[in-house]
Amino acid sequence: MFTRADDRTASQLREVSIETGWSAHAEGSAIVTFGNTKVLCTASFTEGVPRWLKGKNRGWVTAEYAMLPRATGSRTARESVRGKVSGRTQEISRLIGRSLRAVVNTKALGENTIVVDCDVIQADGGTRTAAITGAWVALALAVEWARDQRIIRSTATPLTGSVAAVSVGMIDGTALLDLPYEEDVRADTDMNVVTTGDGEFIEIQGTAEEQPFSRTQLDEMLDLAVAGTARLTEIQQAALSAVAQAQPAEQE
Amino acid sequence: MFTRADDRTASQLREVSIETGWSAHAEGSAIVTFGNTKVLCTASFTEGVPRWLKGKNRGWVTAEYAMLPRATGSRTARESVRGKVSGRTQEISRLIGRSLRAVVNTKALGENTIVVDCDVIQADGGTRTAAITGAWVALALAVEWARDQRIIRSTATPLTGSVAAVSVGMIDGTALLDLPYEEDVRADTDMNVVTTGDGEFIEIQGTAEEQPFSRTQLDEMLDLAVAGTARLTEIQQAALSAVAQAQPAEQE
Amino acid sequence: MFTRADDRTASQLREVSIETGWSAHAEGSAIVTFGNTKVLCTASFTEGVPRWLKGKNRGWVTAEYAMLPRATGSRTARESVRGKVSGRTQEISRLIGRSLRAVVNTKALGENTIVVDCDVIQADGGTRTAAITGAWVALALAVEWARDQRIIRSTATPLTGSVAAVSVGMIDGTALLDLPYEEDVRADTDMNVVTTGDGEFIEIQGTAEEQPFSRTQLDEMLDLAVAGTARLTEIQQAALSAVAQAQPAEQE
Amino acid sequence: MFTRADDRTASQLREVSIETGWSAHAEGSAIVTFGNTKVLCTASFTEGVPRWLKGKNRGWVTAEYAMLPRATGSRTARESVRGKVSGRTQEISRLIGRSLRAVVNTKALGENTIVVDCDVIQADGGTRTAAITGAWVALALAVEWARDQRIIRSTATPLTGSVAAVSVGMIDGTALLDLPYEEDVRADTDMNVVTTGDGEFIEIQGTAEEQPFSRTQLDEMLDLAVAGTARLTEIQQAALSAVAQAQPAEQE
Amino acid sequence: MFTRADDRTASQLREVSIETGWSAHAEGSAIVTFGNTKVLCTASFTEGVPRWLKGKNRGWVTAEYAMLPRATGSRTARESVRGKVSGRTQEISRLIGRSLRAVVNTKALGENTIVVDCDVIQADGGTRTAAITGAWVALALAVEWARDQRIIRSTATPLTGSVAAVSVGMIDGTALLDLPYEEDVRADTDMNVVTTGDGEFIEIQGTAEEQPFSRTQLDEMLDLAVAGTARLTEIQQAALSAVAQAQPAEQE
Amino acid sequence: MFTRADDRTASQLREVSIETGWSAHAEGSAIVTFGNTKVLCTASFTEGVPRWLKGKNRGWVTAEYAMLPRATGSRTARESVRGKVSGRTQEISRLIGRSLRAVVNTKALGENTIVVDCDVIQADGGTRTAAITGAWVALALAVEWARDQRIIRSTATPLTGSVAAVSVGMIDGTALLDLPYEEDVRADTDMNVVTTGDGEFIEIQGTAEEQPFSRTQLDEMLDLAVAGTARLTEIQQAALSAVAQAQPAEQE
């Protein structure tokens, strides 16, 4: 049986924190940490929508993911300097955007656009799941801001729920929750699971890096993931409650 | 309950065919059709490996996916003309490569590289799953060619198994196998499942396009998918057997 | 005197076929083969014209040429992956577009655009001349489709004639028609000739690869080319007649 | 006479802080703030030099500057997504690199490379001067690290001095030190001054945005700048001393 | 004390000439030479302004700098072929544009755009300062042309003054004016100074290439530069006067 | 019958001049003018060959063509700024390179490379033919330089002959030699012909812009072209003789 270097049990998350209001400029922002993984999420609200959506009375939510060059153990060349965005970066940006849109009521959002930027300041495995978890908090704050500003006036709430994500994997036949980099490179299977706050699935991406996985192993991993995102949902709600309590005047 | 436009049952594949030996130049090739979806798969064998793998006594298998501009209902601008490969294209190319590598014994392959090109000639949903299913046949033929040529001399077989893939989805609460384009755009959930010939999972990618999906729905979809890839595995084996029978002389 | 590997006489075309209606989606399509050279030509009809032509009551016809990565004896890297279209590809795309436009009455076409894609599935010399010959057939079918649909309503025909193309070359002092790859690399001069169905010239591109050529040699090559495109014109007309006979119902 | 919105005198810096050791991975790192401007500086040390410098027994120091998309009041599109680095970004990257190299003894550095990344997390004017000031601290820490690791073994110190930078400008005839964004856009002249710790000039870049400036005004601005960088030099030294005291064990 | 290879005194310009009317097409043009440095400056006048300036009753002036591949001692690859403009080129283009705009009254210019292209035909140091000096002459001629054509009709003059630029540097403790390439590579400090015809500063860019420079050295260099641009201003005026005398008919 | 705006007869060249030694840096250079078309040709000689030619004891000659932005009547955006080389530019660069290589004995050249840059300073039709005609002179001078320098030591001459080029066209049924821009846009057919000094063909590119052309018309155009390049050959030889007489000392 595999023993984790940080002494966690198989079903335990790393230390998770979500610090809101980090950016002086963004309409919503949060720094999320999953252990040593640290992602700055800023939600930028702008009135109007992309050209292809004009006149449809619907809003748009999208996301962009990136890593600072020295977020990783050795320096990675900037994508701006290489002149193109890697397949991995695009894949993760698309995943975050899709996950957020799964809980957005674009009609209630009105013809407004929210872009959530997820910049990995420090990486230690699970950057995409931390990004999704933090991005939803930044998004929720930006939506709240727009309602306070009366830019969004619909009575329906633009967010139909919350979204959180976590990684799971198999190492030496053991299913493990929330893998740091060191475990990630050793895992036979690597799976990212995105759920709603109600525990239903938004996205499942499981990959056998070394060994194909069985239906039984899949079930074990899904059990861990669902429990993990439930815990992350609580942490998200606590972060938002703290904001609500800290700023009573602004919200009335 | 949802009725399919082509009168298939929920658990039925479209008409599937795999025609090998299509290319005069490639070391392995196949045209695979899933209904109206048609993908040309060519496997190009070259001696030597990419620079980062040199001197490790291991081979490399990778894949590239692309669509002809008029594979689709309306013309799509060429990625070469736009000057970059889209996120979707890269994502699928990476998926195919990963899926193939899951059954490749790179040591037995020796310092050789196989690139499998999957060019969608005509698209009607499920292009990535058809591509994986056809790509494995092209790969198997290229490996066979290299063994016949004595370029690969290892006694161990470079392929540890076979790979097939199929899409599943949920429409109006019904789980359906192998969605054509028309069903794909209506589906609440869209899932691509890649398995080995033994029915173990290599990759699961499930996305809630409209509605989050429950654990029960996930299980229904996985059941259909596993049965589907089992049937595709039979069709792959039949295509390879036909080649083996047609070319007895070459193999001795 | 040079003897051809495939036993053709100097003035003989390779086996040529034009199979129409290959694509389920395109408004006009044809697969053309010149021996082992095989090009898929699809004509995409769209209403409207590029911005610079708006409001001039004229249509637009253009073409794009490309090769699949394993159309050739060894794999060629994709232009989409390299991030730019090669000079050769652009040169051929421009040639095909110019050749087609030479027989298009853009006023009769109305403010509509036809893009003809020529994708080389398999290459064995003469891909650009095969592409022009097939592209015209796909174009003619797309024009016919638009007239059947009453999208083009002018009484004047949008096509003022037909276009066919063939290569000629000099090897060891002998002028040869329709060179396969093997002859192409040996030729002292390589010339591509595009003519109308009436045998007048649309384009002549002759290049001395090794040895400058004399006026006499030029005349010999032109004689072969004009006879060759006359024969290709007959094959084009036969292919279109077959379509007309096969689909009487649709055309009424 | 111009009154500053933040009640500073004309010759006063904004609140400046330099927090070292911010990154878990980088060999040297610092977050520098000049008021609301916040820049993360990470120095990445690698053995070896770029190809054009090989075999010359000299090291290399370079820098890259970038802004996070929502560092600014409204979101800026990523340079990676636009596919190229803007002229402004390149200009600043080159300025930072040149400024650092002015105090680097490349022979004492040995055949090693240090890349200093300056990522603007939040912007409020003076990002390039904050970046230079923080970059030097990160560089000094990386050099210290390499000496502790005995990777740099020369007895000569690789750093011949320190570097700090500050902006000055003219508004309504008054020379002002360290302009925030609000003052920067109003200034007639904008000047960035880089000096050594000894107060000699490394770089002067003065631009008349609105009104040409006189020799007298230039002298006023230079006086302010030299006093400003002297104060910044003290803050840099304090930040490094704090590190030295905190990690006595490592340095012995 | 440093002796100059071309026997000039420290405060002497190289031989400078400005030949106007060089281009048959451009609205204003000049070839400027500073010794062996030769730059072709063409000013292209077009009615209308960039999108972001529309409807503001103001014009726009911008500049682009480039070098022919063999302007230099050894051939430099074309930026068009490399697919991007270098940081150096962008930096200089921005400098020229900024310098010209410092003397443009954009309101008097009306909604018109002038692009000044500075193409270095031959390079021997000081290309950016020669370019600015020649660009202003081409700009003045294009403005004059537009007033003759009655395209610019404002009574206020669109040019509020003239602009000239020169390089200065320190070699072995001596301040020198207008450095050729040979001196430029040896200089400890390299400074480019742009002034108005009245001798006020528009831009100062000083860089310590080898040795930091003192306030005293800075003052010596500025003295030389101001005297140098005063002389260049006279040469610019003489070039324009020659045009005015040569074309009396056109101007009445 | 068509009357030419410049009163030339149908078979007359525009005023042609070739001025050698224009560049201070290039190993060979010439400015060639055909009427108002003016092209600067510089030949850069470097020892060594591209990687794909190493170790074959053969040299390489290539060419690059470009236009300055205001060479034309209205300004054209720079290809460097647009980030890619247009199809037209690549096509002409390839044509010039091919034409020069037709008279190069690459074995006699040794493992050396000559790049000929053809930059159009002013354009008025026929830029590619002027470029070829001037490029050969620059190439001949660079070869001569390398033989004088004893870098090329073979007894065989690296140039087996000379190359010149001219345009011909049909307007209103009349064949015309050397078309300026004004005639070029009116021509039904436009043809560029490249010949050796002996009058044999290296390249023929004829395009029916409006009307297909007959064999008779083709013959008329070829007659004009061959006479035209014969006259250009004389002008090239005169330009080279002038150099030889002017620099007797250097050649001994």
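Letters A, B, C, D, E and F mark the chains in the order given here, with residues in each chain numbered from 1 onward.
By definition in this document, a residue touches a chain if its C-beta (ideal position, glycine included) is under 8 Å from a C-beta of that chain, and two chains touch if they have at least 3 such contacts.
Being a predicted model, the structure only gives us computed values, none of them experimental.
Path length between chain C and chain F in the touching-chain graph (shortest route): 1.
Of all chains in the assembly, those touching chain D and also chain F are E. Distances between chain centres, each the mean of the C-alpha atoms, put C farthest from chain D. Centroid analysis (C-alpha atoms only) places F farthest from chain A. Overlaying chain A onto chain C using CA atoms gives a rotation of 120 degrees, to the nearest 5. For the pair chain B and chain F, the distance between C-alpha centroids works out to 52 Å.
Put simply, the C-alpha centre of chain C and that of chain D have 60 angstrom between them. The multi-chain contact residues of chain B, meaning those touching 2 or more other chains, are 83-85. With chains as nodes and touching pairs as edges, the resulting graph is a single ring in which every chain has exactly two contacts. Ring order of the chains (start chain E, then chain F) is E, F, C, B, A, D. On the chain F side of its complex with chain E, the touching residues are 23-26, 29, 36, 40, 42, 44, 46, 64, 66, 68-75, 78-81, 83-85, 89, 115, 117, 119, 121-122, 124. Contacts from chain D toward chain E in the complex involve residues 84-88, 90-91, 93-94, 98, 102, 191, 195-196, 198, 200-208, 212-215, 218, 222, 226.
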